[in-house]
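One structure, as structure tokens, below. Some questions next.
Letters A, B, C, D and E mark the chains as written, and numbering starts fresh at 1 in each.
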Amino acid sequence: MLVTCVAYQNGRKLAEIPVADISEYLQRSGCFVWVAMFEPSPDELDQMAAEFGLHELAVEDARKGHQRPKIEEYGDSLFAVLHPAEMVKSTGGADELRIGEVAVFVGPNYVLTVRQRTQMGFSAVRARTEREPDLLKHGSGFVFYALIDNVVDRYFPVLDELETRLEAAEEQMFSSGSSRSRIEDLYELKRMLMSLKHVVSPLMEAVGKLYGGRVPQLCQGTQDYFRDVYDHLARINGTIESIREMLTTAIQVNLALIGISDSEVTKRLAAWGALITIPTLIAGIYGMNFKNMPELEWQHGYPLALGIMFVIDLLLFWRFRRARWI
Amino acid sequence: MLVTCVAYQNGRKLAEIPVADISEYLQRSGCFVWVAMFEPSPDELDQMAAEFGLHELAVEDARKGHQRPKIEEYGDSLFAVLHPAEMVKSTGGADELRIGEVAVFVGPNYVLTVRQRTQMGFSAVRARTEREPDLLKHGSGFVFYALIDNVVDRYFPVLDELETRLEAAEEQMFSSGSSRSRIEDLYELKRMLMSLKHVVSPLMEAVGKLYGGRVPQLCQGTQDYFRDVYDHLARINGTIESIREMLTTAIQVNLALIGISDSEVTKRLAAWGALITIPTLIAGIYGMNFKNMPELEWQHGYPLALGIMFVIDLLLFWRFRRARWI
Amino acid sequence: MLVTCVAYQNGRKLAEIPVADISEYLQRSGCFVWVAMFEPSPDELDQMAAEFGLHELAVEDARKGHQRPKIEEYGDSLFAVLHPAEMVKSTGGADELRIGEVAVFVGPNYVLTVRQRTQMGFSAVRARTEREPDLLKHGSGFVFYALIDNVVDRYFPVLDELETRLEAAEEQMFSSGSSRSRIEDLYELKRMLMSLKHVVSPLMEAVGKLYGGRVPQLCQGTQDYFRDVYDHLARINGTIESIREMLTTAIQVNLALIGISDSEVTKRLAAWGALITIPTLIAGIYGMNFKNMPELEWQHGYPLALGIMFVIDLLLFWRFRRARWI
Amino acid sequence: MLVTCVAYQNGRKLAEIPVADISEYLQRSGCFVWVAMFEPSPDELDQMAAEFGLHELAVEDARKGHQRPKIEEYGDSLFAVLHPAEMVKSTGGADELRIGEVAVFVGPNYVLTVRQRTQMGFSAVRARTEREPDLLKHGSGFVFYALIDNVVDRYFPVLDELETRLEAAEEQMFSSGSSRSRIEDLYELKRMLMSLKHVVSPLMEAVGKLYGGRVPQLCQGTQDYFRDVYDHLARINGTIESIREMLTTAIQVNLALIGISDSEVTKRLAAWGALITIPTLIAGIYGMNFKNMPELEWQHGYPLALGIMFVIDLLLFWRFRRARWI
Amino acid sequence: MLVTCVAYQNGRKLAEIPVADISEYLQRSGCFVWVAMFEPSPDELDQMAAEFGLHELAVEDARKGHQRPKIEEYGDSLFAVLHPAEMVKSTGGADELRIGEVAVFVGPNYVLTVRQRTQMGFSAVRARTEREPDLLKHGSGFVFYALIDNVVDRYFPVLDELETRLEAAEEQMFSSGSSRSRIEDLYELKRMLMSLKHVVSPLMEAVGKLYGGRVPQLCQGTQDYFRDVYDHLARINGTIESIREMLTTAIQVNLALIGISDSEVTKRLAAWGALITIPTLIAGIYGMNFKNMPELEWQHGYPLALGIMFVIDLLLFWRFRRARWI
């Protein structure tokens, strides 16, 4: 589905143009065309491929999807795969990490974005770039930067959410005993974190090649901007690593605390058990049927026996409490 | 066993030719020969080695098998070892990861594949390349790409299968208690994953040398294609790493949950035990044979005793339930 | 908020100057201006950006904060983000690791520091540099070194504090049994360590680019100094890694010791239980109501039974003690 | 102890020569001398050092032994330390990994091997090289290759043995319960694996420098061969890593299964205990001595009581069995 | 404190000279001065700094100490920090790893060592170098090598000690049950190992830059020697890694074995408990006071009851033993 198709000249928006006119605008000097598509049909994509002269392999990747984040050079144009991420409420009410996919074709005078499996559009990017005609003059390279920057900026709230959840789990872990459902939360958290990492590190690696050293022609005027994006990605990546390490420890601690919690209860019950078995033994002794058991004849034998039971238990209780067994 | 032996010219199939004619076709310009063998006898292999002038060490590797995935240059020709992987039903009904081995000799005007321990042939590759004469004009380098691409594409369903199994195990892990057989499944899963990794990472490393920087002569027109294959391998590798990490955690969690599950039962039984030992103590007390035990003479002594037992247990039960010990 | 704004010439302080005069002093040869700000308003920052001609992206980073430690070149000037760290008493009385943020803009003839979320100022740096006019002659590059050196030096007491805490935890771990609160301490320690690492390693990486190989113009006279700082960072980083590894082991050992401690108590209680159940059985036997039980008629049956109970327990106790079950 | 001392010319064996004649043969063109020693005395080694002009440091290393695997250049000659490994039956009957040490001095026209602590000689290498005079013409470089290849080839059966043992342990682990002695086996397996790794990875690193890029003069005609050896080492190394990872998991799973196994028995005994304590309570109740207990007077009170005990236990047993506690 | 101050010429010792004459000897050609100090006062150090023209930062590092191992170039001189290590008996009788610090200043015609916190002097180095005037002719570079070599050689006995202790712990682990104190030993062992690693790996990295590629002027004649030292460090480092990995496993196994050991005792006690509770139940049944209990009237009821108890226990014992629960 075609979303928009706009021509720009010298940093200013010219007009929304019909697809058929694209090739005409591409020939004007200082002019570039920016097309946005959402889950296009194979035909729509083929039309664009013909219009812009896209490389067969890149088109194939955009069509099939499920690529890893990457930025590839095909001659003087670039093909990038980005993965926007967002937390969405699933039908069950739980938060879910949803990861979309955007294929971006960038040439000297065009930008084509093909969005898949995500509701997050790039209207904000369009607005931002149109607000800064000075920068937009850099042409498609700057738009490319703005797109990546937008995708990367959206990782931050996701990361914050994961961090918050970890902190919540940590707090509960030590305060309110350890319940088994928390393990499931932590495990789920780890899975989301791994998904995010899977998306962030290859992109970081790819963006790292867009500044310093040999740089694709398209990005040469905007190297500082790509370095800035790289930096954000490096920060996200570092935070992911930290969370991952704390998460591993948290799962380990949590599992151990549950086990400890159960075995502590068993220990306490065993201690209380001891307090009961001793009087039971004494009662058993005075329940024996020997003919000749003088105590049984005593006037105060019974209360004495009860007293002994009580005193022994009191002593034991005191010792157990002191040893923190109860 | 010789499977097929076909000559191509300018991207078009000429004919199936007898082995003896190979050297004749090799001398025609723009012509190349593609031979496929399946578990050849040493003699058949020696014949080919003579026909194509293969390097002794490469032939030795193809004969002995059990090589790691690699791509080696011998002068202007290449020798590659690929490992196709597939999930097959074992006789016991369980899925098994079967890993075959294919040695590929590629020269400027020939391709020779030697397949071992795998039923997966390359007829699909042959069909694909013959459908695209424009690409086939690139000659043996393109066929080489198509072969690797085919092997790599077959890793995806294997990986999906492993991912699906992990997800199934994760779901059961938290829903239906933890049984010991699941540990065995996860362990088996890990073993298969390690086998796949063992096959994927060296190949990724090797393919990474076929684009960018200095590239073997044969692959120079098809660098973009090899980069595409590399990309797929990188994605597979990344996914393997993710699965591996989640698997490690899953095994750890699963083991802990089994232990916890058992110790929780022990705890609950200990709690129920306490509910029984206290009335037993009371019964023991009133089973003592002291002469002077006034309660025994009471009219309602017996139901009173029973009542006390009941009330104490009720209180205990209520406390235990509140503390989630029962 | 502007803290100070001072002009220097040939390594000597000229005067505190008003912001408006900055551009005038910048034009004098051999003169440089050093401005310190604390949580400036956007307007103050914009004014400085205009005064010194700072790059838009760097200013944006300084304004938004929450950057990772980095040192970036913009033309012939540098932009750095540093994170001073200190241990502070939180309101709850516990020590807390507080990490601030300082953005540093360095040009050939100016230094601008923008401090955020930290009370730690740089008056000590100013004093030190003014005491060494010979070095201050190197200009803004030397001031830049002094700032980084100051931040890095402040990591040492933090690290010492973490090391001391780990040692205290280790000592308690083996001496006084294992309490659950210690796990929490160790976990907290790990979190602080990870925060510190998050701040140290990117800075180390960045400083490593300021000596040897291609070096920014500004730092060329002071390479040996930056190598010295790098060295301190490498030492801190190495120590962090050591602490981290020991911490992981300590948490693991601690968790296991708690579990072991509980199960040992259970074991001991079970052993004591055995000492009670056997006399209970004997008492039960002599409490049976069979008509024909000769022992019951014996003159010394009762003391004999008690004696048997006692002897059996003595033997058991002796065996259990020998096996270290009690 | 001198083992053999042979002179070769143009790929053919000339004769076994006395040590005193070595220097004479070294001067003939196209001629090289191959000397094998086994645990030589310091004097013998010094004599060889003088004869061949060996570097002091290399001789020192050969004399002291306990070097790590390495290949070092001294001018136009090479000094290598190899570690042959084999599984031997120890006196106790258990298999043991024995690792020997061979120092190899290679010059343009000589090869000197100094074998320590290993019965594995190189007669097979000598036979192989003499069978291939065409290759032996390459001179000492080819002999050097043949020696390394021989040592590396002997790692494969060791590795197979370790793999077989791991598989055996894995099978038992899930089939026949977990015994403590298996942990010891796995631990021993890990120790042997680490020893092998200790020997394989430095050698791989060293051999990797003998092909591609700058290569010592001696190895220039035989680069393909060294690449082949490198490849074998890489495969061994990859397999070691796989085994190591599976071993870590296997130890972890095994330890957990033992713990689980014990706590499961405890759980089952606790469940059976519950089946006994309830009838005991009932018996206790009817053993009380209250005057007024109507049931005691009933004609069928006794069988009724027994029946109740039986029915309660039956119900409990059924519930426990359903919950898989028994 | 000055230890010695000696002048050498052409590889021969000239004389012990007073500090004041140093500058005079420095000017003689082919002459170099070797000064050794032990925990010098700031004044002494300043005097030397002036005498030899040492760099301010290097002197500062030597004064403050607590540097990481490193080798730094200052112009044509080198500054190195080495950490000798030794096992010493602590006052408590336990072995302790003590790590000293030696700062070494090396110039074309001088060597200055500043020893801190260690009793290990370098008289052996002095003796060795004086015994080899041919090598000593290489001047200060060779002395520098000899110093490093000496420090590195002293790591071997420390490493052996750690290895021996690990082996002792491993042996006990499987033979004589697992005591908690062994965990403490292993933990202590790990701490010492980490300390050693902290000292070895940076030194290895630093020494690696003294041979091959660009090398400081001072070390150019002695590259082979530095490669030899590097090799020893690489071996030490590899062994440390092996010990570390085995140690991690040993701690894990040990902790698990303790837990298992306790829970096994609990299991056995529970099994024995079952053997007691069943006869107790039977005794309880025949202790009931029902009027109509025919067995009670039987002539042989009592021995029969005892017999039943005995037979049931015998059967249970046999089953438990077979299941290895007892």
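Of note:
Just so it is clear, a contact is a pair of C-beta atoms (placed from the backbone, for glycine too) under 8 Å apart; a residue touches a chain by one contact, two chains touch by 3 or more.
Keep in mind that what you see is a predicted model, and the values were worked out from it rather than measured.
Taken together, subunit D and subunit E share no touching chain.
Both subunit A and subunit B derive from one sequence, and where they touch, under half of the residue numbers involved are common to the two copies.
Distance from the subunit B centre to the subunit E centre is 40 Å, each centre being the mean of its Cα atoms. Residue numbers of subunit A whose C-beta contacts span two or more other chains: 252, 256, 259, 263, 266, 270, 273, 277, 280, 284, 287-289, 293. Interchain contacts close the chains into one ring where each touches exactly two others, per the touch definition above. Tracing the ring of inter-chain contacts outward from subunit A, first into subunit C, gives the chain sequence A, C, E, D, B. Residues 55, 57, 61, 67-68, 70, 72, 74, 180, 183-184, 187, 190-191, 194-195, 197-198, 202, 248, 251-252, 255-256, 258-259, 262-263, 265-266, 269-270, 272-273, 276-277, 279-280, 283-284, 286-289, 293, 295-302, 305-306 of subunit E touch subunit C in their complex.
Put simply, subunit C touches subunit E in their complex at residues 170, 174, 224-225, 227-228, 231, 234-235, 238-239, 242, 245-246, 249-250, 252-253, 256-257, 259-260, 263-264, 266-267, 270-271, 273-274, 277-278, 280-281, 284-285, 287-293, 323, 325.
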